[in-house]
Amino acid sequence: MLRHIDALPEKGLLHIFIQHTSAGLVINENADPDVLHDFELYFNRLVPEQIPGMRHTMEGPDDMPSHIKSVLSGSSVTIPITNQRLALGTWQGIYLCEYRNLPRKRTLVLTVYS
Amino acid sequence: MLRHIDALPEKGLLHIFIQHTSAGLVINENADPDVLHDFELYFNRLVPEQIPGMRHTMEGPDDMPSHIKSVLSGSSVTIPITNQRLALGTWQGIYLCEYRNLPRKRTLVLTVYS
Amino acid sequence: MLRHIDALPEKGLLHIFIQHTSAGLVINENADPDVLHDFELYFNRLVPEQIPGMRHTMEGPDDMPSHIKSVLSGSSVTIPITNQRLALGTWQGIYLCEYRNLPRKRTLVLTVYS
């Protein structure tokens, strides 16, 4: 369910927050789909599913790695608004990163201030 | 010393900032203590104390790794406020991560805006 | 080109945003230049140029690693303002991290709110 967002102010900031600890919000290159492929490949090697010594395994082998990934990538992004538009750079896009193996419903909280 | 915090506004954002470069602020799972164990285990392997080529060693072998960890995890978190409460997800908690081996006094700056 | 910044407010927050996906903004130790050397050394080992399986290579071997580094370090910092000054800790400094091998022109968007 997406609620209506009012027009953005002339100047301000948009804060986007994800209410989950196994997903993340990041800003990354938005032109070449290979960037997403490579990012996922890298992140899965950096935080593999089988880490010796891990105890939090009852929710599946992909759960604890997803918590670690969410800390490394962050749970929110803050983006400036100028002229009623997000002041993103030419190649910047906002990505919701799902770190669990199966898709889940995710909730975002958006705050605009001016 | 903890100074009094006024009641949170109806809507807004809370910004928490840590004034140190060898500690971090993160949002992570707040239910199972094993998550903190696993996170610390992972982070200590990702950024070990003995890294060949490191020069900044005069403050102890755990100092430079703590600077790196603070960059990877971040120095602040921003959390939305709705209905005078932090709009954290069910499983989200805020953690101050001490990356030095011995505990230290840490100072936070909290800013609320509505 | 650096545009004029008005005096900071008595209290508030400063948000700094970088409009690029191959650079980052971080807070790190600002006293010993060796910290920057060690951070760069570590980051280059954590995200090397030759990663098996990477597809986004047409812009050079340092491009995809720079996207990954920007996600790990973040694209913005938010810093509290108290008494018309940034409330940074004694050892904290703000760094623009250039992750490409050759220098580039980078644009920042600064937002002050009080």
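Going by the order they are written in, the chains are A, B and C; count residues from 1 in each one.
Methods note: a residue touches a chain if its C-beta (ideal position, glycine included) is under 8 Å from a C-beta of that chain, and two chains touch if they have at least 3 such contacts.
Owing to the predicted nature of the structure, the values given are computational and were not obtained by experimental measurement.
For the pair subunit A and subunit C, the CA-based superposition corresponds to a rotation of 120 degrees in steps of 5.
The two sequence copies subunit B and subunit C touch through a face in which the numbers common to both fall below half of the numbers used overall. Separating the centre of subunit B from that of subunit C, both taken as means of CA atoms, is a distance of 18 Å. Annotation for subunit B: residues 46, 72, 74, 78, 113 touch two or more other chains. For subunit A in complex with subunit B, the touching residues are 15, 17-21, 46-47, 51, 53-56, 64, 67-68, 70-72, 74-76, 78, 107, 109, 111, 113. The touching residues of subunit C, counted against subunit B in their complex, run 11-13, 26-29, 32, 34-35, 37-39, 41-42, 46, 72-74, 77-80, 82, 87-92, 113.
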